[in-house]
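Given below, in the form of structure tokens, are the structures.
Same chain, two partners: subunit A is paired with subunit B first, then with subunit C.
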Partner chain A sequence: MKNVGKQLIWQQYQKEIAEDHFFYVRSCIRQNFFPGAEATFLRILKDVLHKDVYDDPAHTTCTGIGYHTDIIPLETTMTVVARQFALMTEKGYKNFIPSCVTSFGLYLEILESWHNHPEVLNQIRKYLKEATGRTFELPENIVHASDIIYKFRREIASKAKYRLVNQQTGQPLRVVEHIGCHYAKMFPHKSVGGAEFPRVLSGIIEEWGGEVIDYPERRHCCGFGFRQYFIKANRGYTFSSVKKKFDSMHPYSPDLIVTNCPGCNVFLDKGQYVISEQEGIVYGANGYGIPVLTFEELAGLIVGFDPWDIGLQVHQVSVEPLLDKMGVWYEPEKKYRGKNNIPLGQPLQPTVLKTF
Partner chain B sequence: MPDFGFSIQSSQPIDLDKTYRAVYNFVKEKEPSIQRCIYCGACGATCTAANFSQMSLRKVNLLLLRGQIAEVRQLVEHCLLCGKCMLVCPRNVNTRKMILLIHQALKMPLS
Partner chain C sequence: MGELFDRLKKDLHYVEGMQACINCGTCTAICPAAEHYDYDPRAIVELVQRGDESELEALLKSDTIWYCGECMSCRTRCPRNNTPGLIIMALRALSQETGYFVESEKGRQQIYLKRTIGHDILKTGYCVYAEGLATTNYPEQGPIWDWRQQHWKEIMDRLGANYQKPGAGAMRRIPDEALNELRAIFEVTGAMNRFEKIENFSREKAQSLGMHWDESLDNEYVQKAYHGSHNNS
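So, the complex of A and B:
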């Protein structure tokens, strides 16, 4: 392919990412399983990048999980989404950032439906008005939270305290990037880089000094698949997918996995525990797993936030080997201490997977 | 081990570089028309045996290429050698000869 052609294709997969004034909506999964991640994102935006971001306590779930598991009618989902937009409109914002990849896909899907079927939009406006008395405007710019970090990756790198470099060897850390399916596979032109070569995480990793691993099952789903995991008898499908990915990446000895999707983060992190118990396999070095971080947590580490402040102690796989490689300073005795030094208790130990 | 209530199924990839092709190669050597198959499924649609079994020559050909010989063995047992598949084949594959050669190959020690 000629270089000109390549550039033309790449232009299709560039997206406009707003500069400032964001309305932030949280993720159900992320704030429960990795509670420090979203707080870290807001802290980076406010304290490091000095941006205006509004986190509305009145916003709710987008109902994406209920929608994808077929337990909530589409009209209800659309009305709930309309309410989120109404909150944004009331607060005077036009740039909408969902934290969750499932939400991001759902918002895009609904906006696309409304674009093609204006009569549905009018119906939803009516439903929302009747139910809550609210009205709303459509967002001018809607991007995923990882797009924001991607946009400001150089600025973050310029303020970084650490880099994705092994302090002992001086070599770049080998990083696996995993992108949630609903980020680019539903609407490729709404992502950075498209569905085949999404750039949003690899761009961040390379800018911060790491080396991205290209392994055969790189674009395979994490296995969540909603109905695969939510029906207990089907959970084998989920962990078969997780195992397939880990079997595929294992020969490349990754130091770290970074995800931009809350669900993927859960299954790649906690899935290592399930595989270790059921199959007796551990994928990291010395009996430990491969640490799995969200992009916000990674950004927090890079700019020098305390690892325990950004919630790395609630990960199933211990992050200490990664912190040691990066040379991040931390206090081991404070790992399970909460605010004002209150003990949080100790987690139970897995049988096979080693933890700190 | 905790009771998870589910188990992990092992992955079943078919690596075409590593599949067992001895039976397919044997048939191909004796009856090169097998290579003309376009997997249209006309043979399976017209198959008399398919009325009371899973027989489909299209599937047999695919399984041969994938080296799934145990499944091939089960399917070809149902063939009556009536030759209707030969009549409908748009690519003139000698399907009856194919079946006979598969039977022959399955009885021989092939590497």
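So, the complex of A and C:
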């Protein structure tokens, strides 16, 4: 096939994703809000795909949320990022994968600044040496964790126990993909597919049998806005953004929303509760919401991990309507159990939004 | 041009974000903050491009620079490769360095962010440490969050986290050596200095307003910054 027109344009949005040997850095939001998601990602990499991935106990926050709430100067964030690269270098790795989309964008931004201003990179090397005694190499390959799942989507599909297909009708499930702003909007050429039509999640969804919904506000921000959510007085910004997105996607009747950014997942999940309490509106069928899964959770579900092992019970919107459509086997009575099957009571029901 | 502009133009965010603006308004059309607030990133870029020192000073003292959510949607669309979101970051840095941030309601919110996110980073190594974060302050997190807070450790253990333990894993206890290095980086690179400025300027403002001030999150000044929303439109 000749590389002309759209083929040529698409070629510009391909990116190199390393095959193996990854240095993994965790997301503060994901660890707090979906602690099972990162464990699921590592389980898939190690046990399903048989890859080498290193999870260093000594790495820290990249300071991303502090940086984007503007309390942390750029030089500080750059030096903390340099420390993460130093840990990678010391452990002999060259392929760097952040779990967090804010971090991913930040790493790309910093690498670009260092490329454009080598004197800044030199200064940061001095800062890091002075503060920690460490030195570092730049990563050879830096991709987001969702890029890894995209790269191996066919291998995962070949080992899948379930597909994104309605078991009763045989029809593909209708899926909204929500890409975190900092995945592709800052550096489109560093994403899979660019900012307008990123393929990182849509490629996964289609490979696993689902149908991707294109809706008007598909690329609108989730509304997190850093200081806009953390300060109570500003939260109208966040939840008006969430409502705008749900009002826009609602006519297309999504069965599922998939996110690659941990913050977006919080706001698209919890935002449905907020809108139901404030406006009396529920966007899913039969009084339930539209389930919102992270890409790791979806991959775990597809390969047959127990839904409660991967943490689907910590979402506010119940996932059972999705599990039933896909034909996923689960034990309802074990949803709110702790380790060793210890009962942990039950969360209260919201006023409007129905939950299991 | 004057001293404020001289300082602004040295900021790498400004250098990277400001090329030459043609005032097309594409950034404003795509901006989530412009949908929600009386906010126009095009006008901000135009103002800094114009170079009027007194206009810049007024901007640094205003709520306007605090409306942006730093989603960077503007960067994707600008036909001239400007990034209003990065210019905003440079303006916010300058507003904090000069102390002008305490002259606006939205700017005064920085003390809350410093005392939560800033403290979490240095104390735990995480930007956000959500154990104990209650729905009284974060009611949007819903009843599932109350359940999670009641059984925080048990749920962490159930989902394979390495909660507060040494070694790798989610929500592990980040080693003291790593936290010491983080603190040293903050000292060397200016974050502690910025923290001190946020504290000092905020304290002086609280005193000038006759508001109660202490080192907690519960004092009158910080609470008003967290809850006050007179300028949301």
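FYI, the second predicted complex is superposed on the first by the 352 of 356 C-alpha atoms of A that agree within 3 Å, B and C clash if a C-alpha of one lies under 4 Å from a C-alpha of the other, contacts with A are read in each partner's own complex, and residues count from 1 in each chain.
Following the convention adopted for this analysis, contacts are C-beta pairs under 8 Å (C-beta built on N, C-alpha and C of every residue); 3 or more make two chains touch, one makes a residue touch a chain.
These numbers were taken from a predicted model, which means no experiment stands behind them.
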Touched partner set for A:P251, first subunit B, second subunit C, both or neither: neither
First (subunit B), second (subunit C), both or neither touched by A:F226: second
Partner chain(s) touched by A:V274 [first = subunit B, second = subunit C, both, neither]: both
First (subunit B), second (subunit C), both or neither touched by A:K243: first
Partner contacting more residues of subunit A (subunit B vs subunit C): C
Which superposed partner A:N234 touches (first subunit B, second subunit C, both, neither): both
Subunit B/subunit C common contact set on subunit A: 232-237, 239-240, 244, 274
Touching residues on subunit A, where the partner in the complex is subunit B: 232-237, 239-240, 243-244, 247, 274-275, 277-279, 351
Of subunit B, residues touching subunit A in the complex: 1-2, 4-11
Subunit C residues touching subunit A - in the complex, by the definition given at the top: 11-13, 15-16, 32-33, 35-37, 66, 68-73, 75-76, 83, 89, 92-93, 96, 106, 109-110, 112-114, 116-118, 121, 125-131, 137, 140-148, 150-151, 154-161, 166-172, 174-175, 177-179, 181-182, 184-191, 194-195, 198, 225-229, 232
Subunit C-touching residues of subunit A, taken from the complex the two chains share: 26, 28-33, 35-36, 38-39, 55-61, 63-66, 68-76, 78-80, 83, 105, 112-113, 116-117, 120, 127-128, 130-132, 134, 181-182, 184-186, 188, 195, 219-221, 223-228, 230-241, 244, 270-271, 273-274, 308-311, 314-316, 336-339, 342, 344-350, 355
